[in-house]
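Structure record follows, encoded as structure tokens.
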Amino acid sequence: MNANTLKLEGVAKTFGVVRVLEAIDLDIRQGERHALIGPNGAGKSTLFNLISGAFAPTSGVIALNGTSIGGLVPHALNRAGLGRSFQITHVFDRLTVRENILLAVMGRFGKRWSLMRIGPVWARIAEETDRLIAGANLAAQAEKRAADLAYSEQRAVEICMTVGTGASVILLDEPTAGMSREETRHIIEFIRRMTEGRTLVMVEHDMDVVFTLADRVSVLVNGRILVTGTPAEIRSDPRVREAYLGDGEH
Amino acid sequence: EPVKVAYLTPKTGSMAFIGAMYDPTIDFIVKPFNAAGGWNGNPVEVSVYDDQGTTQGAADRFKQAVADGARIIIGAGTSPLAAQNLADIKRWNQRNPDDPAILLIVGAEGVNFTGADCSYYSFRFTTTPYIRQNALAKVMKETGALGQKVYSLQPDYTMGRDMEAATVANAKTYGYEVVGTARHDVFKIKDFSSFIEKARAGAPETIFTANGGSDLQLILQAASSAGLPAKFAGMFLDEPGNLAAAGPAALGNFTAQIFNAQAGGEKGEAYRAAFNAATGRDPVAFMSNSLITLTMLTHAMKQVPAAPKLPIKALITAMETTKTPWPLGDLSMRADDHQLQLPLVVSVVSKDAARKLDGTDMGFKPVKLLSAEEASTPVNPDCKMVRN
Amino acid sequence: MDTIVVALLNGLIYGLLLFMISSGLTLIFGMMGILNFAHASFYMLGAYLAFAATRIFGFWGGIVIGTLGVALIGLICERTLLRHVRRHGHVQELLLTFGLSFAFEELVKVFFGPYAVSYPVPESLRFAAFSIGAVQYPFFRVLIGATAIAMFAAIFCLLRFTRIGLVVRAAVLNPDMVRALGYNVSAIFSGMFAVGAGLAGLAGAMGGAYYTTNPNMATELGVIVFVVVVVGGLGSLSGALIASLIIGVLVNAVVYVDTTFGDLLAKIGVVSAETARTLLNVPIANTAGVLPFLLMLLVLMIRPQGIAGDERV
Amino acid sequence: MSRIVLVLLGLAAAAALVALPALGGLATLNLANKIMIAAVFALGFNLLWGQAGLPSFGHAAYYGVGTFATIYMMDAIDRGGSFPTPLLPLVGAGAGFLFGLVAGWFATVRSGVYFAMITVAIAELVSALAQKWEGLFGGEAGIRSIRTNWGPLDFQSTGSVYYLTLAWTLVVLLALYGLQRSPFGLVVRGIRERELRIRFLGYDAHRVKTVVFALSAAVSGLAGGLLAISDESASMVLFGGAGSAFVVLNTVIGGAGVFLGPVIGAALTTSFAYFGSSLSHFWPFYLGVVFVVTVLFAPEGIGGAILARWRRVRDGTGPLIGLGDLAGLAGAVMAMAGLVLLIELTGTVCSEAYRAEIASLKGVWPPVRIFAVPFAPLTPWPWLVGLVALVGGSRLALGAGRPVLPHLFAGRPGPRAEQTRPGESP
Amino acid sequence: MLDVANLHAAYGHVKVLNGVTFQVPDATIATILGRNGSGRSSTCKAVMGLLPPSRGAVRIGGRDLAGLPAHEVARAGIAYVPEDRQIFRNLSVEENMILGMKAGRSGKPSWTLDELYDVFPRLRERRNVKAGFLSGGEQQMLTLFRSVLGNPDVILIDEPTEGLAPKVVEALAETILEMKRRGLAILLLEQKLAMVMRLTDRVFVMGRGEIVFSGSVEAFQADDEIRRAWLEVS
């Protein structure tokens, strides 16, 4: 197997005349946690959307485990091993927490057209669902409707779902947005636990989160990758300070 | 013990205007009949059932009517409704051979009712497009109004297709040339000006049409505003509302009418006056069919001898054999296909008509009254009636 | 040649009438996101109100009262009914107007009976505007066309050169934020709805006179206005205009086609001549009524946002 | 406790249903048949709407196709073909399924309003086809056939048709309930909530929607098959807009979000049409008003309102019927009575027959009879009474309803979830 | 000067504000701190009239605005920048800005489009793009500018730094200080303590729908008790 789980080569995107991304090359390694940072409007969300198949790249190749995933529709992408969460929470409001997560797990076990819950595989599905719910500290809320949860809990459900599909590569878009310091600390811990052994790519503006969670960081500026490196390297890179961090407390 | 009669008609829905016509006719015929003793002392009781203009509604009402004890069913709706009634009658009689019911079709003009679908237990009290076209062509030819070039503009369903076929078939008989035919979707075309322009290309003198309702009104409007010189010869111009809606565009067009007081002379005028005195209205269009149906029914009943329960078969026989007087001439029911034999009036819309209609200054001036024999067309060969 | 010109003109004018009716619908949808099922009912109410008023105020008085009266009815509907279901989303609004269309049709029958009423174009307006060959082209048709064009211009200016258009478009998605910027959203919504309804009322007052005024006129036109709006692109005014004209010309032009579907397919070589004569022997000219639906289906499959609609963000 | 009550209620209902032929007359049985057919149709429709969130405004097409297919099969049996009569509705279901598969594949490419418009277009085209293709659809006269007996089973009486319809209705209810509770049903509801999410969980949403559409069409077709058995005929009128409209009406009045909602709606509107039409020609207007009022004040439908009260009892937060409910109900009845009085008066006074009567009485306005009570239309009293009842009743209903209304709305998503979401069509 | 006195408000039956009282004088930046869900955003909504207050007063220039519809409140000179970037996605950037434009009530120096574009030039580049296509941070800035263009006397800014790159946060801070220089009364809701301490003149701490602390930055920093009880999670 290719060690580079997710590989981008020369990926570019233009909207009309606006060139948002130019020739992005990126290697995400098996099992690493990779953060994508950069100024507002640098193209981070766009890059995410390209990887997750929402748009097609104008040029370039995106490969997952060595095979191109360009042009795949979302469900095919998912089955190829890619999971994503959304910047704005996308839970199923009127389903219970358990049902939300069950949907993700069911699909992983190939029970997409099942009319009955018979057979040993359903025991495993239930077990896995319970495990995820417990992992997210949602056991007490399991039978509540997702819409009735607090925001941070919804985010947890969202991440559980993404993990629950068994994706090997997980994309998270600003997972801590809208959370207080305390909640953020909590969710970082949770993400770390849930994505153990998987490859994680995330966009985040909160440098605390980035520097505590990420193994490597890529800085995107004006549609180009400025630099990729460990948190320490990034923190001390003068170009990054200039373009992104400014002269604030970091 | 009253004789129960069920009158099935649309009172609501988009066909409600049909049912609204029939209200005044029932009491007008039935009251005097009951006053004179009814059927051997038993009054006739007519109940109106709203079939809502849908075939499902018609089926429901039929079941309700027979459950209520009616064995004489009057189907006063459009062809699809009458077809449903007919199917229900046939089923009923098949399942209840000892307790048969009959269907009196008031206004449906589909050829099949006295053709392929004719039945011993059903009677049709109106014409077919063939009969009307024949009458129109005959009279217009005689009076020189027909011309050499004829066009056919029809609604694209059974009746329109029959009218078109009749128009083409009669070309030789009445010495005209069909310069074109066109059919259109029913109640879907708002602007008929293209149809009019297309017709204009053949320079017809007469345009035959089986249209009614808003389609007819729209066609007349379009023709008049485009200044098309041809006249229309139609079946249903005298439905209430048409003259009002078409306005001056209606003038000069021909129609084959079931009843026209002026054409009936004194008798006709007396009948109209009596009806008007009782109901405040003149008998027009299918109102006349309803009057004919009820008149013939009550007249036939008089021929049926007393019994504990009205014997339906005897009623059928009486219906087939008696001639019923009617202001325009005698009415009879042809035994071979149960098609009404009736006199027809061909009239033209004119401001000189004796009676003005719909609050307009126009009315129907009779051109010629055809006797039942003159108006008749041969038995439909498709009708294979099983008489039992 | 003359025939072609007349056919084209007929098609265009019919298209303009369609636009007249559907412009209000487009406006209300494009601005407020309400798919107003009762819109064709407003058209019908316009015709009936004008008819009732004509007896007292004359033809022009009837047109004015038909327009304003329906605008008022629209206003009342918005204030007392629609406003209260808005927070439940567009489907609920759609259902409400669906129920209203049902009720309006029956209400008209309560007052005016089930038949068509006599609401003709007055004698004084029945003259030819000009003639093309043997054809005297009626003035009233031209008047309908001109009104529709004036209507387009007026709405276009309203939306383009005043801030109202912006405010309403913004308020559909974020009413609270627009309020917080200092705009009286509910007043503007009511006004917009009233204008949309009034436009349908005007179309009804004119169309009812030229065509017919009967209780089924809403149902007969109801679906076709939706076709116009969908084909044009939901909410796009110029799209609606283009779609109206296309549909108008198409349904008029198809009448002149003297061939059947079978022949057409046989000519291309898709089916055998035998099949053409038997199974597919449907003259194309007979399909004028269903053509708009075919067109709509086609547009929805190929270009779902319609001719001029943009992909909503 | 509540479960026992439910079971008892269910048993009582079942007993009443089985005993109906012995109790009711022919007309009652026929009404019951029509209610069940409408209920099955509405259940099929609601599978698409309530479960998958896809609003179809052209469902009559699948219903009609089911009816025609079944009639053709009945005809084949009549000519000596062998097919068990009790299974005839499956023919309708099969036809609906196949047609739904094709139509659904096209329609579900889009969502929201666009989806709705495609269903309308398909229905219109089918309706036009039925009008033009006389050979298959029988033109205006339609086509008919007859029920044949099967083995020892006699299907000639309305009673036997009733039992057959009842059996199939129960089968459909059970099957749909099972489907809703099944894992696949969960996927369908997920699509209703957030299709994009479902796709990112690895489900082929288009395929799922196509299948749901086809299933919904199949149930509608099955209802059409039941109609064919009951009426023994089919005509192009079935494809008209009225059928598509009524199924929406039934579902909304009953409540799309409640499993039995469509059944309640079907029962109400079918009986309303059945009895109403013999009482007043303006019954469709009243139905329209009931519909509008439901949408306004009980967006979850009557089923939703009942369910909310049931929950109230179960959770011990209130009585089954509170004082507010009673006042609201009384107000609604009063308002409706006032409306009926006003409309009947107006309708009669404006009618041609009445004007003719005035003419024949030489200008005297005869009393207007409403439910056998005479009213003098030229005095202000009947009008005033109607107006007062209408206005007062509405006030009572609205005022009394105020504390109740939040309960009615209980089922909707909270404000947080209501914010518009990107990537979703309106 | 914004003067909020004893404000109460509820979502349905759930009370969120239980008598909120505070003042923000002109040319002052005040910050409300508090845990998630303490009711800060609700305070802004209640002041604006978006969440109708059940009791209490909202005064500006002596006039009580409590209970008025939101558009009246806005016209009285209060602007609101919501936390959830309520940009008009279907309008272009410039149209969004135009919608915000409104003449101020007093003769205070007014803001112009160009001036704001200079603060964050990316928006100028994007002026004809539909706002829905903007990146998260661009949307955040647009929301702020749109309100500023209304030339308000009082501005309520809810979580402005959310999703902003650190460098843009600098520009934002600069803009807020400029507003203060032009005499606005500014109420800030913010989570980033460092930023708060740098900008603000006054600190309010909110807990359970009430103001539990009110004072200068120094007083706040000195009061460990308050921080522990109302801001940190044990």
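Each chain carries a letter (A, B, C, D and E) given by its place in the written order, and its residues are counted from 1.
Just so we're on the same page, a residue touches a chain if its C-beta (ideal position, glycine included) is under 8 Å from a C-beta of that chain, and two chains touch if they have at least 3 such contacts.
These figures come from a predicted structure and were not determined experimentally.
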Enter the minimum step count from chain A to chain C; a value of 1 means the two chains touch.
-> 2
Which chain has its C-alpha centroid at the greatest distance from the C-alpha centroid of chain D?
-> E
Please work out the Cα centroid separation of chain D and chain E, and write it as a whole number of Å.
-> 50
Could you put a whole-Å number on the gap between the CA centroids of chain A and chain D?
-> 45
Cα centre of chain B to Cα centre of chain C, whole Å, reads 36
Each of the following residues of chain C touches two or more other chains, namely 109, 113, 173-174, 219, 286-287, 289-290, 312-313
Listed in rising order, chain D residues that touch 2 or more other chains are 128, 132, 282, 284, 352, 422
Chain B residues counted as touching two or more neighbouring chains | 16, 20, 156, 185-186
Per the touch rule above, chain B residues touching chain D in the complex are 11-13, 16, 20, 23-24, 49-50, 52, 54-56, 59-60, 63-64, 66-68, 78-80, 83-84, 87-88, 90-91, 94-95, 110, 112, 117, 156-159, 185-186, 277-281
Chain A contacts chain E in the complex at 15, 18, 37-46, 87, 150-152, 174, 177-183, 205, 207, 243-250
Partner chain C, residues of chain B touching it in the complex | 14, 16-17, 20, 156, 182-191, 193-195, 197-198, 200-201, 213-214, 217-218, 221, 225-227, 240-245, 247-248, 358-360
Partner chain A, residues of chain D touching it in the complex = 178-179, 182-184, 186-187, 189-190, 193-194, 196-205, 413-414, 416-417, 421-422
So in the complex, which bits of chain E are touching chain A?
-> 35-37, 83, 122, 126, 129, 133-138, 140-141, 159, 162-170, 191, 194, 232-233
